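Two complexes are shown next, each including chain A; its partner changes from chain B in the first to chain C in the second.
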Partner chain A sequence: MRYNRVHIVLFLAPILIIVLVLCGMIAWTGAVSMDNWVGMAPVWQFNGLQNYATLFRMERFWSALQNNLIWMVAFIIPSAALGLLLAYGLTLSGRAESLFRPLFLYPLALSFVVTGTLWAWLYDPDAGVINNILKSVGLGDLGQPWISSPRQATFCLIGAAIWQYTGFAMTLYLAAIRDIPSEIFEAAKVDGASDIQIFRHVVVPNVTQATLVTIAMLTVFTLKVFDLVWVITFGGPGTSTEVLGFFMYVATYRQAFIGLGAAISVIILILAIAVVVPYAWWSMKRLQT
Partner chain B sequence: MYRNKALAIFTAVVVLSLVLAACAPPTPEKVEVTKIVEVTKEVPVQVVVTPTPKPEAKELTVYHWWTAGGERQAMDVIFKHFNAANPDIKIVDNPIPGGGGIALKTVMQGMLAAKMPPDTFQSLSGSELKMYVDGGFLEPIDDIWAANNCDTKYPAVIGKMVTFNGKKYGMPMNAHRANWLFYNVKLFNELGLKPPTDVDELIAAAKTIKEKKPDVYPIGLGSRDKWTAIFLFDVVLLSEGGPDVYEKFYTGQLDAATDPTIKAAMEKYAALVPYLYPYHGAKIWSDIPPLLGEGKIGMYVLGDFSAAQLVQAGYKEGTDWEAVAFPQKPEEVFLMIVDTFTRPVGIKHPDANKAWLNNLADPDTQAEFNIIKGSIAIHADVPATTYPDDLHRRASAAFKGKRIVPASAHGALAPQAFLSDWQDILTRFLYAPDVTRLQSETAQVMKTYDVAKNSEWYWAK
Partner chain C sequence: MKTMNMKKWLSKLPLLFILTVAALVWLLPMYTMVANSLKTQQEIIRAQYYLPPHGLELRNYVTAFSILKQGLLNSVLVSVPATVLAVFLGSWAGFFLARMRFKYSQTIFFTTTIATFLPYQVVLFPLMYLLMTLHVINTRPGLVLAYLILNTPMAMLITATFFQMIPVELQEAAALDGCGPVTFYWRILLPVGRLAIISTAILIFTFIWNEFLIAMAMTQGPSAQMATPVLAGLKGNYAQVWHIQMAGAMITSIPPLLIFIFLGRYFVAGLMAGTLKG
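Right after this comes the complex of A and B.
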């Protein structure tokens, strides 16, 4: 059967409508971000880039942005690295793979609210699991204030996110390792390479594609992270764990600074584009070659 | 090929026509009745009779945040009374979980902006209610207010909290008292301590507990919620400055950077920090009462709603825990949080809304509701003896006898935008108590959000 124009219209219409609605909403957010809209009812009063200027003067904005950047470094690299190690480990484990794979993937199936509640219990410095385990094995001195310390809290959140997302990176890497022709592994083995050497010289250079995808996806996740922060620390202690997404929610819905909130959304969008587009472009170029 | 094309076109046409049919407005039901009317000249006249339109099904869409244990049952009491008086109106219940209505506010923002208002929704009175009024989303309810004699049956300050531009915009029906100091009775007896009556005594009691019982944390707090930090500051401010300073501070009449009383209150607040439960940043308000029951903490300051947590955990009032109004010096006040229901603009069932608001003003509904909710009725006809527990009997007596001051937390007094920043500033302060910085940050946000101008409603005659 050949496809004709009617088919094209029928099949493309839904996606076109979705894209149009999405673009419309982005344009609307962009317009609101340049308005002096404060309060619940719309105020269409153009004020240029005033909202952005206000944001850039706010210490809170910079601390939220800084937290997003901490997330990028402290979350993406460990998640991707652990994912790759697990994927290679599973490949080596033979039959046990079918047992372990769902186990590592399981956290991904949980909602962020469930993960958040779970980790809030684990991290509770007084009655929490981690400190109590340390106490019971005689290492009570190593107990930490965890989420009640402004310095540690962001890293605690990142720990929970790594737990949830390592399985995701692992799946991508597992597929990439499967794609490596088995002859390469066999040749390496014949040459007497150890598992570690194979990992270093065969696996790592051959999973660059998967790394690109993983890093791009995890970056987008770090830019829109909200739920975990909301559930585990509510941005606190003080504002120490606030990220841009959280700040946007507070500005828009709790303080009714709709224009300012929209400006934060636009900044998140620009950051996402700035990170994802070069990656996508680079990976497309590599794919073509 | 042609068959395929024809099939595709046919499918498209069918789908399109279905979509159009679904979008089309419903055709009004019209029945033509032909009747022969005899007149003297015997001329047949055709009369077209259009039947009266079918009345729209009577219902009432309610949005509220009373979903937690106790609250839900309390809401059901209102429904029960409403249904008894209005058996023909069906209630469409939309509970949105989230303490203090934080999630409901987000939902309402969307629904009201989309011009899809529910028949009534919950709001706190004061500056939160003002947000909806300023947006032009609410209609006055002066008719209900007058019909129920609310001016004589409710304290004047309650009316003030729902009055904007000279009109009433919300129907209140309960009051929570925010200024209770809960303490562990066994610990206080063991150490020979008396319940503190002002902040200096609070600090002294905390010091004694810390010295004599190093494994007990003197003052409990759950600052993961953040607003609890405001509760604690509020009683310190009331103790240092009294109710007049309190009202002036939260309505932007004082300069936080220079006012000596505000500075003194901030210093006292800082003096409490060493005695606080050290992991407060990891706990929410409801985690704290059980810790008091267990004897892990000595005291905490919260509203009467926290008593339910102690009772549910099996701790007995009088023997395990006790609560006193705090502060009692320089003046004991009733620091109040009030819930109201509203009448949005453009609702589908105005009669149902009217019946709903009237039901809320009914003293019997209020009495039964408040016993379960853990707050007190605001209607003068509900006596203090209504409540089964001592705490609420005392609250009701204080409500009738003491000065009532609107609580700042949750947005009754100061504007929402300010409070959101204020609770962040206070929680940050608990980790790095720097009074000079607190003074300048407070003055700055008061200026940024123009608290003085946004609180003019409170001082309007």
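Right after this comes the complex of A and C.
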């Protein structure tokens, strides 16, 4: 199909303008992160890396960063593993797949605010659903302080996120398993391999790509997690469940340390780039030219 | 033959049992939300949350709806135009990148992918500043603009992935008839690729409807506030009033859940195109 310069401009100008605006905003955040901007009115007073130095001296920053790392390990691995197991289970179940699949996927359609509202109650130590159910079946001793304990609270948030996102990993893995040539499965079956052996030696090695995509997507998710923290614990007890995304919001909008908030944003950006850039590179390669 | 099938079915029983248990665990939070949203205050006080409600206490929904009304209206008036505009602009560029041989298409695709997965925190404050400068902060058009900027890259990414699957012959035949890119987009691509457009729109609408950070940072007070911040506020103002909270959460979830139930296939297709494959 013939096209000329006018077409290029016509079709690509809107997206390029949007991308440029986004780049401008990133640059703006970078500039503000090196300014002594406190209060809502603009203060353009360059202070070098002072905000970063302040940040690195704050225990609150390190605890938020540590929580982000806990999220990466305790959220991504179980979500991906459960997703893969469910995907294989559904594949084996044959026709029951279409019945079960939506039951694991539906939380993905909900807002984190809804998930947060719901799970905040499930986890409530006194009036909460989980502790009350345990009590009513005579297992009250197993009741936990859940979100009122600084030690457990982050893991409670992660539990809600796993509930919401396992279906996402499952969907990616279902497609990946479906893409494995059926001859490989049949050959394994002829050799007398059990379903578990097939899982270990056929399924797992053949879904590496889906695993990489799942990990990339879930890592990006852990870097921007905010809503669940806000709704369920508001960072508490104390600051024990704060993550970088939450700390950035509080520093910027609650305490008006704009420069400091921008510095946190830049750190989130750097962490995100480490994942997103390789992913975008890989995804660009599949664009046919 | 029959015994063979029977045997096969029996061997699947343990698997089906495990899947059923897992599905029940996954459904329990939803059950809790629905069941308790229909209970009276007295039933809630008895704390037997796992029991089904005695009657249908629809007054909870009336109360929750009266609080969420303005927020829901704002959510509709922001999500719908933002989705339509983002999908239009995204598919407009997505078509060109996916179907035309063009030197910088990979570069643009690469940059747009990065823009798609950028954490919102990175642009949150400048975005607010932009809306203030344009005097649209705390207004619905301001929110539409914010979501348009943030979601058009994703719309482009998803539609481009879909459009790559449209057969080349279609484009060649159209070119032979002297059809240019603009005519091709309107007359052929939109009708032929309507499933791609629907999938993308459904996904982006759900994202915007469910979004919280932008919705909260760009608004103050009820006039332009979307449903998600209002729901989050409900949790603060109605602490311990679980049945009202659950009714509010249910109401806010209705549009995305309806989409998931009736258009789930497109929702999943859009999700897959946004990540792995078309």
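Odds and ends about this structure:
In the analysis below, the second predicted complex is superposed on the first by the 268 of 289 C-alpha atoms of A that agree within 3 Å, B and C clash if a C-alpha of one lies under 4 Å from a C-alpha of the other, contacts with A are read in each partner's own complex, and residues count from 1 in each chain.
Here is the rule we use: a residue touches a chain if its C-beta (ideal position, glycine included) is under 8 Å from a C-beta of that chain, and two chains touch if they have at least 3 such contacts.
Please read all numbers here as calculations on a predicted model, not as lab measurements.
In the superposed model, A:236 lies in contact with chain B only, and not with chain C. Once chain A of one complex is fitted onto chain A of the other, the partner contacts of A:269 are limited to chain C, with no touch recorded for chain B. More residues of chain A are in touch with C than with the other of chain B and chain C. By the touch criterion defined above, A:120 reaches both chain B and chain C.
Within the superposed three-chain model, A:96 lies in touch with chain C and out of touch with chain B [touch as defined at top]. By the touch criterion defined above, A:7 reaches both chain B and chain C.
Of the two partner chains, neither chain B nor chain C is touched by A:143.
Looking at the shared chain after the overlay, A:253 reaches both chain B and chain C.
When the two structures are aligned on the shared chain, A:112 is found in touch with chain C, with no touch to chain B. On chain A, the surface touched by chain B in one complex and the surface touched by chain C in the other have residues 1-2, 7, 10, 120, 253 in common. Taken in their complex, chain C has these residues touching chain A: 12, 15-16, 18-19, 22-23, 26-27, 29-30, 32-33, 47-50, 89-90, 92-93, 95-102, 105-106, 108-115, 117-127, 129-130, 148-149, 152-153, 156, 160, 164, 171-172, 174-175, 179-182, 184, 206, 209-213, 217, 228-229, 231-232, 234-235, 240, 242, 245-246, 248-249, 252-253, 256-257, 259-261, 264, 267-268, 271-272, 275-277.
Within the complex, the chain B residues that touch chain A are 1, 4-5, 8-9, 11-12, 102, 105-106, 109, 112-113, 131-132, 134-137, 223-226, 278-283, 416-417, 420-421, 424-425, 427-431.
Chain A contributes residues 1-3, 7-8, 10-12, 14-16, 18-19, 21-22, 24-26, 28-29, 32, 86, 89-90, 92-94, 96, 100, 102-114, 116-122, 127, 129, 132-133, 136, 163, 168, 171-172, 175-176, 209-210, 213, 217, 220, 223-224, 226-227, 230-231, 244-245, 248-249, 252-253, 258, 261-262, 264-266, 268-269, 272-273, 276-277, 279-281, 283-284, 287-289 to its touches with chain C in the complex.
If you check the complex, the residues on chain A that touch chain B are 1-2, 4, 6-7, 10, 39-42, 120, 123-126, 128, 145-150, 153, 233-240, 250, 253-257.
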